[in-house]
Amino acid sequence: MNFTPIDNKGTVEAFCLIKACDKKTSSKGDFFLDLTLSDKTGEINAKIWNYSESEHGEYAADDLVKVRGTLSKYQGNDQLRIDRIRPVLPSDNVTVEEFVQSSLYSGERMYEEIFSIANSFNDGELRTITVALLEEYKEKLLFWPAAYKLHHAIRGGLLLHTLSILRLCEGVCKTYPIVDRELLMAGAMLHDIAKTEEFNVSHTGVASGYSTKGNLIGHLAGGAMLIDRASRECGVSEETAMLLEHMVLSHHGEPEFGACMRPMFLEAILLSQLDMLDATVYEVVDATAPLEKDEFSGRMWALDNRKLYKHDRKQDENIKLF
Amino acid sequence: MNFTPIDNKGTVEAFCLIKACDKKTSSKGDFFLDLTLSDKTGEINAKIWNYSESEHGEYAADDLVKVRGTLSKYQGNDQLRIDRIRPVLPSDNVTVEEFVQSSLYSGERMYEEIFSIANSFNDGELRTITVALLEEYKEKLLFWPAAYKLHHAIRGGLLLHTLSILRLCEGVCKTYPIVDRELLMAGAMLHDIAKTEEFNVSHTGVASGYSTKGNLIGHLAGGAMLIDRASRECGVSEETAMLLEHMVLSHHGEPEFGACMRPMFLEAILLSQLDMLDATVYEVVDATAPLEKDEFSGRMWALDNRKLYKHDRKQDENIKLF
Amino acid sequence: MNFTPIDNKGTVEAFCLIKACDKKTSSKGDFFLDLTLSDKTGEINAKIWNYSESEHGEYAADDLVKVRGTLSKYQGNDQLRIDRIRPVLPSDNVTVEEFVQSSLYSGERMYEEIFSIANSFNDGELRTITVALLEEYKEKLLFWPAAYKLHHAIRGGLLLHTLSILRLCEGVCKTYPIVDRELLMAGAMLHDIAKTEEFNVSHTGVASGYSTKGNLIGHLAGGAMLIDRASRECGVSEETAMLLEHMVLSHHGEPEFGACMRPMFLEAILLSQLDMLDATVYEVVDATAPLEKDEFSGRMWALDNRKLYKHDRKQDENIKLF
Amino acid sequence: MNFTPIDNKGTVEAFCLIKACDKKTSSKGDFFLDLTLSDKTGEINAKIWNYSESEHGEYAADDLVKVRGTLSKYQGNDQLRIDRIRPVLPSDNVTVEEFVQSSLYSGERMYEEIFSIANSFNDGELRTITVALLEEYKEKLLFWPAAYKLHHAIRGGLLLHTLSILRLCEGVCKTYPIVDRELLMAGAMLHDIAKTEEFNVSHTGVASGYSTKGNLIGHLAGGAMLIDRASRECGVSEETAMLLEHMVLSHHGEPEFGACMRPMFLEAILLSQLDMLDATVYEVVDATAPLEKDEFSGRMWALDNRKLYKHDRKQDENIKLF
Amino acid sequence: MNFTPIDNKGTVEAFCLIKACDKKTSSKGDFFLDLTLSDKTGEINAKIWNYSESEHGEYAADDLVKVRGTLSKYQGNDQLRIDRIRPVLPSDNVTVEEFVQSSLYSGERMYEEIFSIANSFNDGELRTITVALLEEYKEKLLFWPAAYKLHHAIRGGLLLHTLSILRLCEGVCKTYPIVDRELLMAGAMLHDIAKTEEFNVSHTGVASGYSTKGNLIGHLAGGAMLIDRASRECGVSEETAMLLEHMVLSHHGEPEFGACMRPMFLEAILLSQLDMLDATVYEVVDATAPLEKDEFSGRMWALDNRKLYKHDRKQDENIKLF
Amino acid sequence: MNFTPIDNKGTVEAFCLIKACDKKTSSKGDFFLDLTLSDKTGEINAKIWNYSESEHGEYAADDLVKVRGTLSKYQGNDQLRIDRIRPVLPSDNVTVEEFVQSSLYSGERMYEEIFSIANSFNDGELRTITVALLEEYKEKLLFWPAAYKLHHAIRGGLLLHTLSILRLCEGVCKTYPIVDRELLMAGAMLHDIAKTEEFNVSHTGVASGYSTKGNLIGHLAGGAMLIDRASRECGVSEETAMLLEHMVLSHHGEPEFGACMRPMFLEAILLSQLDMLDATVYEVVDATAPLEKDEFSGRMWALDNRKLYKHDRKQDENIKLF
């Protein structure tokens, strides 16, 4: 975490986001507040000893606060003893995006780009249903993550993942003119849209776990149902809805990866492969980012237990995906 | 096939069902009709040489006909040379059920029993949605098979399979009072209902193949969508609908067997096990029926390639399931 | 654990079962006794400081004792400092069943029910061999658990599991009259009987681990050998013995689950499915019992890593299996 | 097949073994005998036209006969039209071993070598039980094949396979002195002994299929039961019997290859690996024998679908295993 | 196959390629030539009765010939009875490309495009080794197929597959600037280059089978060895060679698909996914080309046994990949 | 670890090998050296408090030292407080072999035996290439381990493993004269030779991890490349090199165990089975060595999670492999 030193006695100051907050009783019977604070660079344990609500105020997870205190080591880890704490004020001019891992692009910008592609489809039915669903779910889409724990589990990750796939689609359609471009792109836009009902996400854009519906129905069958309903509502034919539903039901490729069906036509097959490709790129870049050059990672559970290698070739830019 | 000899020169006669019918040209340039005829006991190839539509009439698959002709061997198989053929008349007093493998019970009787269980549910939501869907799909349910090629691929097989599971449910609920009986039974009634959209079935009750929707969506996601729509229409709560949808999505148990989700609560788990149990019993009984006592079948592809054994203990009744 | 407070200074008293008992030396060179005490509701660590055999008596695992002492916290867990301890006396009127997880029904009652079914078989050979083996193993059967760690790992669990399957068998035989009821039930009675040689079990009815024979031979091949021997001894034909041996060898269904053979006839197939069904019901009920309504469990290793859901429908009774 | 020409009109003569024999009716209503004749080099279809029992005699599978007739082609294959046929006479001086694929060594010689190893064991229990079982099953062992269709499916194959493993054991024990040589060799002698009850084998030494016991119990559990019984009969301790039983139950190594248990001690593990090694050598040599040098076989189903290569290095001897 | 009728008695004429050619003897003892003739549209069996080398000439597989004869049916298939046959003459102005399935682009054009990319690499080592190997293998690359039986098993298929992947690489590099573009593209150019030693291919560009080296070494280890040798010869560093060798060894992704290693850095992972994507597109387009709209294919063995669907949306162009 | 007591106050002395060495700062700001010391029997944590380079000297992992100090317990483990430390002197007359787990035989002796077999090959090509490679890699072979963590991960383990396989080869060749003995043995000598480039190994003969080449190329493809290069250098034919390369590429047997190809000829198949057999023997002996008789090990991850049993039969010698 980033702290600003404010004197030469170890006193520091920072804006930060509360990730967890528990009121506890010490062995002497006093109250203290046990906090996990975070910013984009990491997190730290913090304590407010002799905590009193009237004096310090009340706090909860997902609150933005300003804290001052002193740093020390406890069992090998940094810990902050908080002397002063207060909620962030409008005049502080800080926003939640600054404190959680977020897409490099703003949700609005990504949404606009995706929406304008949908809105320019020549195929009336595909245009109607994608525009309708993007508008219906706009509020959540603007900041929703793409996962609880895996790839793109960051604020704005859902649109980032969607947009990356749409860009890959362009390359694929140039290589293979036989591909039905608008069907492929409509499928890409809708394939994960039911993730907006799969996790519980606070306004920070970080998922805290799966919803009951996410666990029992999932975003594949859930997405197909959602298209089924929307297509009735906006008069899209059963044939077109069925193609999109199949793409959503099959986009995990194999049953062992959660697919309800194996993809059966070219655009469905391409969507499932591009979905996997973008997820893999994210996870590989994320896992190798902290490595030194010519170093190997540990075994990656989500990548068949393989180790990853960071080769030592010079790279033009050290950017993260975009 | 059953034929009635009508003279001592090998002439025979029979009512039968046309399974396949092709008009072909012989090497000499004459037309002939190449037919597959069937009754409950099997099928036979038949030919009408020098076929003329005006003389013999026009025929198609699924027609019931009366034929007369002579039997001979062709490349090791029986073949019928047809001399006379005509469509079945009302006065013949024969029905299609007599010519296809059918459930021992009539569709009406099985439907009544299932419907009365649904109609007696104490839980208003479960009663509402099961009654609504049984009524909506009644026409097809009365004769629909449960499969294109596997277990219960017979006229009326869908209701027979459903009813067998309901009876198993009773035994299970007696053993384990903790089970939510009405939820389990409602799930059993609806688990395969989308099979009514999964195959193409003629009035004979025999499936001729999968429909496009059957291939692309399947009866699991298809069934969940159908419950989703119906529950909106008849005001059933999202919570109840979600439990039933989960039971339908998960009733194949494992992803490798086509389940969209693994079953996650007791009633869903029981449903998937009873579904498998009933399917297995059908296939085992069907496969061992033609065996002699103390004989083994060949390797059964659908049963992990195992061989089946018909032991030689005396059995009270030689009946088929019921 | 349940303790009875006996004053207002934190002194408590309880009857309990010793699960583990070690004599140790403190850093000062004094002896102390390090104990794990348990009752049906849980367990606790306990210490007797300055332990002397002559003063406190000698103790070992599986002893029932009465203790008095004071409770405190040590590293987050409760701990009992014992002041007084003595073995349970006949006059205390407590039995080991009260201190370990047990079947709701007594061993005697379950044994009687199973024995009377066996004794009423019409088939002489099946009656002879089941009665003989139930009698031979009666002593152990009355309290034996069905597992070291998995389903029914409780006092009396072996008979409870057997009896549950027998009740399921009744429901199955009603649904499918073609099933050879007595063969199925005889197989159910004998399928796990060699578990009496598979674990080491103290008089408490809790297994402490696998026996050498359990590890090297197992209860499938072990059960078949036991039937082989008994059938010679009581004159049962090789044919009947072979059918029962096959049922025992195959009741785990698939080689990957430990089956020596895949089940090859209807009764063997049914037995393996009902065995799995009863085990699954036990594990699901056991795993969801501590959950709140509308809550999910963690991933269950023994159930393909799935999470389990406790739905929030009202249930008539909150009972545990029976 | 080997035929002796006896004139220059294509008439030939041979001794041979009848593999299959069916009396059939020709299209003209005459009887003919449809035979499959064989010797070590292959087999041929043969016909006796206008067959009459009184004239030609009666014949059945496994009979040795002398035939005379003319060779022709039928649908690409050789066929023999038989003019004369008679059973083999003692004066013909031919034996069944000359007409079926057999081990290079006689059954007696292999039996003697194996028996003398068993009889020289220092360990009294291992000597007692191996000698007892070799004597009990001697009659069958002398000519029994080791398989119905896979490796060593030849007359005498069971002893050949056993002896090969015993020779490999010698090499292994020299390399690793820690191995318990007599335990390993006793296990090798008994590991397949229950194959004598697993197939139906005529006096020719060729298996015609699995027995009921072979299908339902198999030679692993069957072998363990057989040792269990024999050890009681000849007073061998339960501990020694258990080790041998474990070796038999586990010698297929993995459950997916039919093992009832995985091998758990060094000698059991070695036995399972040497068993596989000898089976593999047999199948590889058998499959590559007909190939040209630098040629590949087709894909071998029993060897993970791999192709086998016959390299073109000169080999000292072109012998088959021994 | 395309034939030109040249009279009204069924006489036809065609240029074609001989795929197979056997001299056989008829049942009457006459010689005849049994041929398989082919062009791009298919193949046909043909016979030259009373064949004489002096009269008709000598022919072999892969010869281009002009034939005249009459068509008839034999067992349901077309057959050509050849009256006249002669080798193609320069004046006929036909080339082998016209008679085998070929890439739409010429080998020269594809080679030039790939070579110019290699030649423009900024990285000196990657430019050196790719240019060197493209030049060394140029002759074969110009017409080599990419497979014996699977995707791109057509004349020029190896370059077509390589070029398609290079185009996909461009799209991927635009989406993810972090990718080392030249390393990825160099890997794409070399990943299949050892296929030039994996099959036996005639001048027609059709593989007739695997070479010994193809079977024993394969194009993964073979490609790595080839890079190892070439990098020594042209002074490329061991580090650069090692990265390319890893990409070649790992490009099948998973061991079960033939990968020697799993890909461990971003460019290797991308290469393996794009390789699979291009192969899949080829196979899907190839399999659905002959289908009607709204029709399903049979189960595709190479695509996890799934069926493929040809949807009925209008497509701009009905072209085959390019 | 072995320590020599040198007074009655707990002072001890020992020669030992430094496995790890870190200079750290105490909470009071003083330097101390945190060491892991080892000999053949185990390892211990040690501290030099108030460490000063000028006083105590500088140390690093893999140094041999003599230490004196006092033993105490820290959190349940032994710890050594070092009072005096110095590097080993020539006059101490100790060698690194005494402090690490090593093969019972010296590297020189094993090398000589293997080299003399190679040098006596009748086949000139096999003699040339095996002699050349044994000489080229002699320096490393003399002490190299066969693994980083698995079987034969001891000083000299690579030659010990190679020699054990060569001895097994002798036994196999006696049993099956058809085996090409020199090809099999040459393959055995070279199969793991590229392990000399697969790990980083200090002069102690213990691997500290995989090299970059080991991770990216591995010892299978690496070994094939090495033979490819060497065979060019010493004029061995491509055919002979190809057979050896195939044996190296395939010696792990199955793709899932890392094989680049499945072994396709007899000697390659035998090599892979003997390689596995020797590895298994090592691991079983190693895992059961610390067990009591009639005791089971825990589940062995590297042996399919099975438990191992140490039976209680008397064994002539309690030796470790040789």
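Lettered A, B, C, D, E and F in written order, each chain numbered from 1.
Assume a contact is a pair of C-beta atoms (placed from the backbone, for glycine too) under 8 Å apart; a residue touches a chain by one contact, two chains touch by 3 or more.
Nothing here was measured: the structure is a model prediction, and the numbers come from that model.
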For the copies chain D and chain F, the interface residues, called same if over half of the numbers are used by both and different if under half, are same
Measure off the straight-line distance from the CA centroid of chain A to the CA centroid of chain E, and report it in whole Å.
-> 43
Interchain centroid distance [CA atoms averaged], chain A/chain B, Å | 47
From the C-alpha centre of chain C to that of chain E, how far is it in Å?
-> 64
Could you say which residues in chain C touch two or more other chains, in rising order?
-> 212, 215-216, 243, 264, 296, 307, 309
Chains touch one another in the pairs A-B, A-C, A-E, A-F, B-C, B-D, B-E, C-D, C-F, D-E, D-F, E-F
In the complex, go through chain A and note every residue touching chain B.
-> 212-213, 215-218, 220-221, 224-225, 228-229, 232, 242-243, 245-246, 249, 255-256, 258-261, 264
Contacts from chain D onto chain E in the complex sit at residues 73, 294, 296, 307, 309
Can you check the complex and tell me which residues of chain E touch chain A?
-> 164, 167-168, 170-172, 174-178, 180, 183, 239, 243, 254, 262-266, 269-270, 273, 276-277, 280-281, 284-285, 288, 296, 304, 306-313, 315-322
Complex contact set, residues of chain E against chain D | 27, 210, 212, 215-216
